[in-house]
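Read from first to last, the chains carry the letters A, B, C and D; within each, the first residue is number 1.
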Amino acid sequence: MHRKLRMGMVGGGLDAFIGAVHRRAAGFDGEIELVCGCFSSSPDKSKATGHALYLPEDRVYSSFQEMIEKEKALPEGERMDFLSIVTPNHMHFPPAKLALENGFHVMCDKPMTLNLAEAKELAAIVEKSGLVFGLTHNYTGYPMVKEARDMVRNGKLGKIRKVVVEYPQGWLSKDEEHNDYKQAIWRTDPARSGAAGCMGDIGTHAENLAEYVTGLKIDELCADLTAFVPGRQLDDDGNVLLRFDNGAKGVLHASQVANGEENSLKIYVWGELGGLEWHQMEPNTLKYKTQEGQRIIRPNVGTLSASASAHWRLPAGHPEGFFEAFANLYRNFAYAVKAHMEGREADPLYDFPKAADGVRGLAFIDTVIASSQDDSTKWTKFVE
Amino acid sequence: MHRKLRMGMVGGGLDAFIGAVHRRAAGFDGEIELVCGCFSSSPDKSKATGHALYLPEDRVYSSFQEMIEKEKALPEGERMDFLSIVTPNHMHFPPAKLALENGFHVMCDKPMTLNLAEAKELAAIVEKSGLVFGLTHNYTGYPMVKEARDMVRNGKLGKIRKVVVEYPQGWLSKDEEHNDYKQAIWRTDPARSGAAGCMGDIGTHAENLAEYVTGLKIDELCADLTAFVPGRQLDDDGNVLLRFDNGAKGVLHASQVANGEENSLKIYVWGELGGLEWHQMEPNTLKYKTQEGQRIIRPNVGTLSASASAHWRLPAGHPEGFFEAFANLYRNFAYAVKAHMEGREADPLYDFPKAADGVRGLAFIDTVIASSQDDSTKWTKFVE
Amino acid sequence: MHRKLRMGMVGGGLDAFIGAVHRRAAGFDGEIELVCGCFSSSPDKSKATGHALYLPEDRVYSSFQEMIEKEKALPEGERMDFLSIVTPNHMHFPPAKLALENGFHVMCDKPMTLNLAEAKELAAIVEKSGLVFGLTHNYTGYPMVKEARDMVRNGKLGKIRKVVVEYPQGWLSKDEEHNDYKQAIWRTDPARSGAAGCMGDIGTHAENLAEYVTGLKIDELCADLTAFVPGRQLDDDGNVLLRFDNGAKGVLHASQVANGEENSLKIYVWGELGGLEWHQMEPNTLKYKTQEGQRIIRPNVGTLSASASAHWRLPAGHPEGFFEAFANLYRNFAYAVKAHMEGREADPLYDFPKAADGVRGLAFIDTVIASSQDDSTKWTKFVE
Amino acid sequence: MHRKLRMGMVGGGLDAFIGAVHRRAAGFDGEIELVCGCFSSSPDKSKATGHALYLPEDRVYSSFQEMIEKEKALPEGERMDFLSIVTPNHMHFPPAKLALENGFHVMCDKPMTLNLAEAKELAAIVEKSGLVFGLTHNYTGYPMVKEARDMVRNGKLGKIRKVVVEYPQGWLSKDEEHNDYKQAIWRTDPARSGAAGCMGDIGTHAENLAEYVTGLKIDELCADLTAFVPGRQLDDDGNVLLRFDNGAKGVLHASQVANGEENSLKIYVWGELGGLEWHQMEPNTLKYKTQEGQRIIRPNVGTLSASASAHWRLPAGHPEGFFEAFANLYRNFAYAVKAHMEGREADPLYDFPKAADGVRGLAFIDTVIASSQDDSTKWTKFVE
């Protein structure tokens, strides 16, 4: 099969932030082209978006059901090969299920579903379908995150003792959901966002990053979530003590009311032999510290892991950022889809988050909510 | 005209670095699609590249002459709208001239031509053609560079007194041109690179950045260029004293033998009222200093200039880098081409480097070479 | 009274780290001179230290009891004015008590005593004596910490919502206490260090810093302490959720097994209007962030608080560090002693930690130990 | 000889900045005590300063001549052992000469004298006297600068190719000398400061640092000095191309009108094998870069040179700054004086700048002035 993969999209109208990210990320490496979409629950908005994206009118749909039905009727090579889902959380499960059941691969925004039950059901559907399912926990797409994971795997840090992952943002410091701010409105609405606010939106990224880099699983936790802004229905801040399955301890804290912070995801991992530090806002620098000193690890400088090396595109000192990390997920997903189409195994070098990660994300949300609501229990088991 | 612009490319075979950058940058905002190319002087390599890019075979050409002739014969809307030139320096002028003379707009890598005479001739051809010509001095595409320029323009720094621009790289610290390293070979070959090595490849970026941010012109300079690596034909390092047309003084230094440096372009501008500092390797931070203190200016935080705001795509703290800055040039070029097609004036908010910048770049190269070769003259006038 | 204050010292033999810090800090501003000491429980070591410090032999003592008795017998102006206590924790209370009861002011290393009962008793003795008592929670001596406190007090951050204080060190990553490493041996020995290891040694600094900067009190907490190094008797790592008396939430984590970390105390404070960030390893930079942007606050740049301004000594850009912050405590203590001698009120601009801070430090230790040992209780009240 | 060295001081009245620095630096390590001084040309101010410093009245003098005469008459062990000179530049030579001719060692602020002729004469007097002479080019007192020098010496960088040293300050951006600002007034007055302003005050520090770290000598240079502030008599900014005696090239630029800059001395050194970077405002970090990656070198972390290790006092992560670097010079000077008194060779591990450095400093000033004034000569030889 020698052609670009053909992508359909649900969600991502012109005023949505994440839809445009997905489109740029998908197209970045020349392996995927957008061929159709249902960009809004409003048919007019969907049409306007399709027009702005230079799509033919007959490939812009009024509902994801219509899209899946009509695309399925098109010949292979013309119809979409996979569906990208970029709607608010409550609208992940229905199109994902329908797409998979109709033979379309799926790339889905995170958290995977509205709740854990849906997540498990979707994981089962993926499993049954045999199709490729990707989840955009995009921060694991950064090459220096790959390098960190590789260093832990190869024992450079020794047994891991402590993990601190933090994710302060400040954009919800005020009552933005009553300011007609679309991004704020749905993220603070339990019906569309799920049981958690900050913990669902960014806490799950932190959880995913910590488990990805360390290869450990959170075993139990103790959470204290807060809704600081008066009238807010969901948490906008949370602090969590972590215990991992190897005996390591940790802290996860995230906030959307950390006033003045941008998108300051950071992770620190310390093991018996050394430590690592990575900041999302300076993503091309990985700090590796031992009692002998500190090394600054940077893309394309010296010899790095095969994994990291497979995820940058430029010479040293040419900064790659958020879009490129996101694009790594799409490219790797595309490779997996192509392998599927050609009956090959996908190359594990080109990894990306999958349904199992999504289930853990929803389990994390459930566990922190349960822990935070129960002031009589110190440690709550993390159960998928 | 409601469609993507159609781009042809000359140069940019699979093993070239900058061709892939241009392609990703061009496609980034969904305004441009690659439709044809002559990717190598070797027809086989050109075909292989076209194939890898999923181009139809009949749109992959063996020479730029063939491409321009055959594309011109295609109907509007099918044929390429503009030509992107990503060959080594000596092969900028011929395709640019032919394209312009056949009615195609041109986007060209820098330096614009092999020498100043060609540059002036090309500028005249552009002028005469009335077509759109862009030059990829990509570092001016960063939003924080736009903000810096805007702050200078608006008098935040007062009269400019001093400018320091520095560009150390280390990748040519050894004799790479004899290691079968393609990027090194042509850049150190006068026949393909021109009279200058380091000064042409990156010194011109520094010169362009300094003049862009300050709005000043270099009036005279004093240069000391060196070829440190034995056997190297062109300078791999240079230090230059600058005098600007408003009386400001400055320093420009660039190197490709600054061992261990990645791509560390920085600029400092100081005026009567304050100073600015910007580093390409942390491009989303602009430091603004006065005697009252220092402000950190970042994309999408607080209120920034219209110019900066028009050149980022993401919320605060989501790093955009080299590709995005490069994409800004292509998007702005696309807007200008569309305006031209529709008979409108282009919006100056969406600026990009043009032929005049290219002429100054070649004049800079000529002047530093002349200055460096003449140890009896302290100040050499910068003459276009 | 126009003369330098005269200081005696207990502890601080030649091989001790903190004794030399106290001596340099005390002498730094020319207000204090060392006149006598009992530098070790070994009379020979004490003598050798006194000799190295150029003290007369008759002012070097074999026990703190002897020192206090003999110094008391000297005439005012010749005898020591105050006692500096720099012994391991279990030897803070006895000399402090004896000194105060004999009319000597006291400057004491932290934590104030071995346990909370002693701390309360000592605080009562101080109160009864009417003498000046200082405690070297030295990190509050940095001018940028003063500035941070002042900004919070003046409402620049609005109501405080979240505090994160972290203190990773790595120097005890291995079993140093069995390597004949004196600093490690006593700090991991409950008989000399008290009930806590890491939490007593550095956790109390973090607690003190958080309460100092915010003006808030920890109300309850949930702790998870660990001794990671096999055979270690005291915690070498701890993670703590905090709840403050105004409803703010927080996290405190500290470690001495964060391999590769030096002395990386940091604090983040976020309120309704903005946030602050300060790192001890870059102590001359205070970051102030709001949704309008970030300001970098530095000593002697622009207009800062009277409090900060009273605690630096150099023009902008001349870095002051750990010794200078420590010296601020001694200078302020000296001012208070002089005021006492002259029957004046001390100027609150020149503040320093006192017995009440010491009581809170021990209460913190007790509370985190109790919380950590009780896995059935989530929140443990912080009770002095 | 077992006692503290006894220091006299000329200059350093209460309102002077650098006198207090010298006093704190001298006393820092407990090896030196201030015993007498002539702190001002005004006898009243001198007395007031002596009083504030708790000196006995009979050791506070009205002139340096009186001080030298009367101190000389005191018995050894009571009289001062050496003279510290902290006056404006024009008053360095006279007291230095007189002190040396009367058998007193001398520690002198920089630049050593008002002009090169004086410098050479003073160097000859030092030579003849056999006494110890130190010069406070304090930036070479930082341990990471020692480490940098050691790395260059040991060939870690290979042959040096390029040196960039920069020293921007902003405190003279306005016409401060007409604002009754004492520090500004004498520094901009040729009669007290010498032929150069910025180049004498801080340019010489940059020159000294570059030669110290690299072990190279400047062979010729090309300078462009400017007095930007209207009415200013001396340069407040300068840019200089450098050529070193081994063929290395370089840039030195310094400014006191770099608005918003604090005291931002930086040095970059690149050799055939790697590069170094050091910033005075973050003095405890030395960056070592090669094509294999970057190492962060920090005091007391891992294994460093004997030279660096001899110049810090604290565990890792406890920042030492300007005072401590300055104190290193005094301590090393004290060691040399003690060795002299005891008839021993001084240990070269404890190095400090000497008269030869002072001569080079004045020669640098002469050379940049000459170069800058002659627009017809490109390269001016650096002649001592």
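Following the convention adopted for this analysis, a contact is a pair of C-beta atoms (placed from the backbone, for glycine too) under 8 Å apart; a residue touches a chain by one contact, two chains touch by 3 or more.
Which chain is which protein? Per UniProt: A, B, C, D = Predicted dehydrogenase.
Since this is a predicted model, take the numbers as computed values, not measurements.
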{"item": "Relative to chain B, chain with the most remote C-alpha centre", "value": "C"}
{"item": "Separation of mean Cα positions, chain D and chain C [Å, integer]", "value": "34"}
{"item": "Centre-to-centre distance between chain D and chain A (centres being mean Cα positions), rounded to whole Å", "value": "55"}
{"item": "Gap in Å, rounded to a whole number, between the CA centres of chain D and chain B", "value": "43"}
{"item": "Contacts with two or more other chains, residues of chain C listed in rising order", "value": "171, 261, 291, 294, 298, 301"}
{"item": "Pairwise touch network: line, ring, star, complete, or other", "value": "complete"}
{"item": "Touch list for chain A against partner chain D, complex", "value": "291-298, 301-303"}
{"item": "Residues of chain B that touch chain D when the two form their complex", "value": "157-158, 161-162, 164, 166, 168, 170-171, 173, 222, 224, 226, 228, 237, 239, 241, 243, 249-251, 253, 255, 257-261, 268, 270-275, 288-291, 294, 374-379"}
{"item": "Chain C contact footprint on chain D (complex, rising order)", "value": "2-4, 17, 20-21, 23-24, 27-30, 51, 53-54, 169, 171, 261-264, 280-284, 298, 301, 313-324"}
